[in-house]
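Labels run A, B, C and D following the written order; every chain starts at residue 1.
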Amino acid sequence: MIRFESVTAIYPGHTARALDDVDVLVDEGEFVFLVGESGSGKSTFLRLVLREMKAARGKVYVAGKDVGRLRWGVPKHRRRVGTVFQDFRLLPTKTVAQNVAFALQVIGKPRAQIQQLVPETLELVGLSGMGQRLPDELSGGEQQRVAIARAFVNRPQILIADEPTGNLDPHTSDEIMGLLDRINRTGTTVLMATHDVGVVDQMRKRVVELDGGRVVRDQLRGVYGHSY
Amino acid sequence: MHLRYVFSETRTGLRRNVSMSIALIVTIFVSLTLVGMGLLLNSQADKAERFWGDKLQITVFMCNANSQVDTCEGEVTAAQKATIESTIAASPEVDSFYFQGKERAFETWKEVYLSQDSEQQEIYSTVTADDMQESYWIKLKDPEQFQGIKAALGEEQGVAAVRDLREVLKPIYFWMTAMKWGAIAVAGFLLIAAIMQVGNTIRMAAYARRKEIGIMRLVGASRLYISLPFLIETLVAATIGVALAAAAMLTFMYVVIYGMLRPTSTIVEWVDWQDSFLAIGGVAALGLALTLLPTLLMTRKYLKV
Amino acid sequence: MHLRYVFSETRTGLRRNVSMSIALIVTIFVSLTLVGMGLLLNSQADKAERFWGDKLQITVFMCNANSQVDTCEGEVTAAQKATIESTIAASPEVDSFYFQGKERAFETWKEVYLSQDSEQQEIYSTVTADDMQESYWIKLKDPEQFQGIKAALGEEQGVAAVRDLREVLKPIYFWMTAMKWGAIAVAGFLLIAAIMQVGNTIRMAAYARRKEIGIMRLVGASRLYISLPFLIETLVAATIGVALAAAAMLTFMYVVIYGMLRPTSTIVEWVDWQDSFLAIGGVAALGLALTLLPTLLMTRKYLKV
Amino acid sequence: MIRFESVTAIYPGHTARALDDVDVLVDEGEFVFLVGESGSGKSTFLRLVLREMKAARGKVYVAGKDVGRLRWGVPKHRRRVGTVFQDFRLLPTKTVAQNVAFALQVIGKPRAQIQQLVPETLELVGLSGMGQRLPDELSGGEQQRVAIARAFVNRPQILIADEPTGNLDPHTSDEIMGLLDRINRTGTTVLMATHDVGVVDQMRKRVVELDGGRVVRDQLRGVYGHSY
């Protein structure tokens, strides 16, 4: 599903390598944690998958496509990848249902399909009945559920999450992880960057650890790190 | 595509940036109006040139009893007139000519100098047909080639003066040209300002909508879909600006040209509705081009996918 | 206070928003130039009014041999003139008056109609002093109170015409006033655009510097310190705009008024350097006020502490 | 040093109470954790201290002053309070030293004093020798140190930190907490909002727990929560 072939990433105007000769293969339906210190390259890894940036060297394949070669196909590629961030990124003037529907409208889905998918997805993430609320009437955990619903409403093959529990307290984090797990069980590949020890240790999923842009550990059913 | 969304976004965009939009519309409006006035002045200059150019370009005035130039000794004689006429007929520069008697000259004089004001008529009531001069009106083959005939006639006995209409009209052309270029120069400055404001409007709109745009990019909305509201937003501004400019020009045509100049002053052919429509067309094309081009450039710059 | 910081921030601000700044400067420049031209036209109209108003306002033309109005029967007689003069002297509306003979009238006629063009001199060389009319030039106590004397003289025998200079000058005043208000209207539109652009410039600058501003507020920088770069930024733009407008007006004065109009045309008093300095002063005050006010408003709005 | 007297806070345009009748007294030199779920009002509490917003009811005293009454004195008040955020908020175009100096320049400190205070403070936070680097040449932990240096360079009486370890991995978090502890020992009152269990449990400082805008626990030498 995702294949990195000796990928090196450098931010424009910089010389340091944000990723340095990374080889990773993620199969369809896997649940992978990306861990590592701040600045180790986790977000960069996800940006490459999303084609927000291009690899300086090496190739990134997503769903069989060399994303570095995409140009006009970038939007279409992104429709296959759902994304969730630490800061939710909801539109504060739209209701929960409108926020989720927005993701379908702007890619031109017909109205009928939107009216079916949105409530369905809100129920899946445990927000049925909250469709008419505004984001700031929700708790952080509920807001993150909306963000997940928006990422998942188009049924992407891959779900990317960059520290989705970074702003949440431990209890809420657990609930969100349960939700991501459920989404993973539908067959969606989940790739999550985090440095939340509790979350990683509890889930016991595959762990890829980065350090200074290099993969230093790739462990099935891993924990956060040795020292903790 | 959900056009409803696009239009509602455009509407919110225009409303949100209302001060920006007004500034943009006003600048487009004023600059285009000035360009349009420049075009109208251009048409007017063309028309005047054609009007006077269709008339005869050189007028040879005969001496009358009062003439005090060297070549005159009282009223021109029949023999002198015959010589003058043969000189004109023999010149290779002359295309055609005709003779104008004192009565006709007096008519023209009255038309030009007395038509406007009834009081002036009384002031100049002392002038009679006999004070007028007989004259030959000459049409040249090439209006620029007048030196030979002018020189030849200037020394002829019985000729009081040779008038080249172009000389007389020079200051009028000068002022028309000056005003035209003045209007176009000012318009040019404002057009630069307008182009930059288009860029700024888009930058500001992109900023105001940065969250939406971020999410659209994230979920895979197409480039066109993301930039359409911006395009339409500036297009609407440009259209309003063009419409205002057109309205201003038509008002000017109706009030000034048709209401005041055409009825009272007939010594020149004035611009008509057709000229103003042409000018408006040019202005509209310019307005749209000058907003669409920076819009396309700016959306590429600020809305990278 | 670290003025170096303030100035370097201003400089970066102007450079960062270069397109915004240029648009703003151009709009200020053009609108102020138009306002300045309106002020100059106003001075010109005042000057013309004073020039012609200082002259005598009503002219009574006597009959000459060619006069064909009802009140004339050939050249005016001495008795008629005496009656006319006593009518004038008796009128309560009249301040003062004097008599003008034929020779003096001919001088004036030549000055007005013949000065421009040597060829025209020849054309009108048929006119002699004897074609002129004798006249009384009357200065009124109140220029608006002319009905009584005009009516009284109009029926007097030997009077060919009574000319009220105000009537003659009406179209000239009309065009001057029209151009003045046209310039001021266009300038008004552009000034609105300029004010809005000041607001937008500040909004954009506040956005571009939002991180700095956030940190400044956080660490306790004073309101003044935070808004000073914005104030100076628009002040610099306004100053450049005012300077350009002043330069444009001075160029106009030098090239058009002093270079072309003053030397050639002496039938009216033209605006001088002092008038242009006054206009520039007004324009500068307007320009600064119209940028400072929205700046103060906008910094309050966008830079809340 | 900080006193909340039955403080209720409501965001403009909302009716829900972000803080609801809160009474808290923090003495000079104390180290206080504010904990609680997302949306419980931690950030609102800090905003009131910083006078970023005003209490709807009740009074907030900081250093003996009723901050709700301040108007032109707000900047001066903020100079007594240093602030650190989760996202560092450094100026990316300025070097580390310039970022710290900026905080002194904009409040009009004389150049000589700046040239003395900046290196001194950089050394205190453990960044001596890094003054000429740009923020994105630093790790997240180092960036947070810069932010702390900026907050502390003017020697404020109070240091406020809103989830300062939210973007940091556990090891780096520990280092930052050590630094805050050291600053606290200089006599500076430290008030820190967090939901980082590890950090709170390890430090054993006073814990004030908020829930739905109310204080539900105020415990000396506390831990994050009962359930963890």
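Following the convention adopted for this analysis, a residue touches a chain if its C-beta (ideal position, glycine included) is under 8 Å from a C-beta of that chain, and two chains touch if they have at least 3 such contacts.
Keep in mind the model is a prediction, meaning the values are calculated, not measured.
**Q** Just to be sure I understand the contacts, which chains border both chain D and chain C?
**A** none
**Q** With chain centres defined as C-alpha means, what is the inter-centre distance between chain A and chain C in Å?
**A** The computed centroid separation for chain A versus chain C comes out at 69 Å.
**Q** So, what's the distance in Å between the C-alpha centres of chain D and chain A?
**A** 30
**Q** Between chain B and chain C, tell me the centre distance in angstrom, where each centre is the average of that chain's C-alpha atoms.
**A** Once rounded, the distance between the two centres reads 24 Å.
**Q** So which stretches of chain D touch two or more other chains?
**A** Not one residue of chain D touches more than one other chain, so the list is empty.
**Q** At least two partner chains per residue is the criterion; list those residues in chain B.
**A** In chain B, no residue touches at least two other chains, as defined above.
**Q** Classify the chain contact graph as line, ring, star, complete or other.
**A** Per interface graph, the chains form a ring.
**Q** Chain pairs in touch?
**A** Here the touching chain pairs work out to A-B, A-D, B-C, C-D.
**Q** Which bits of chain A are touching chain B when the two form their complex?
**A** 50, 72, 74-79, 83, 89, 91, 102-103, 105-108, 111, 150, 154
**Q** Which chain A residues qualify as touching chain D in the complex?
**A** 11, 14, 16, 35-39, 136-141, 163, 166-172, 195, 197-198, 224, 227-228
**Q** Any idea which chain C residues touch chain B in the complex?
**A** Answer in residue numbers: 19-20, 22-23, 26-27, 29-30, 33-34, 61, 64-69, 117, 119-120, 122-123, 125-128, 131-133, 160-164, 167-168, 171, 186, 189-190, 192-194, 196-197, 199-200, 203-204, 207.
**Q** Which positions of chain C touch chain D when the two form their complex?
**A** 1-2, 5, 211-212, 214-223, 225-226, 305
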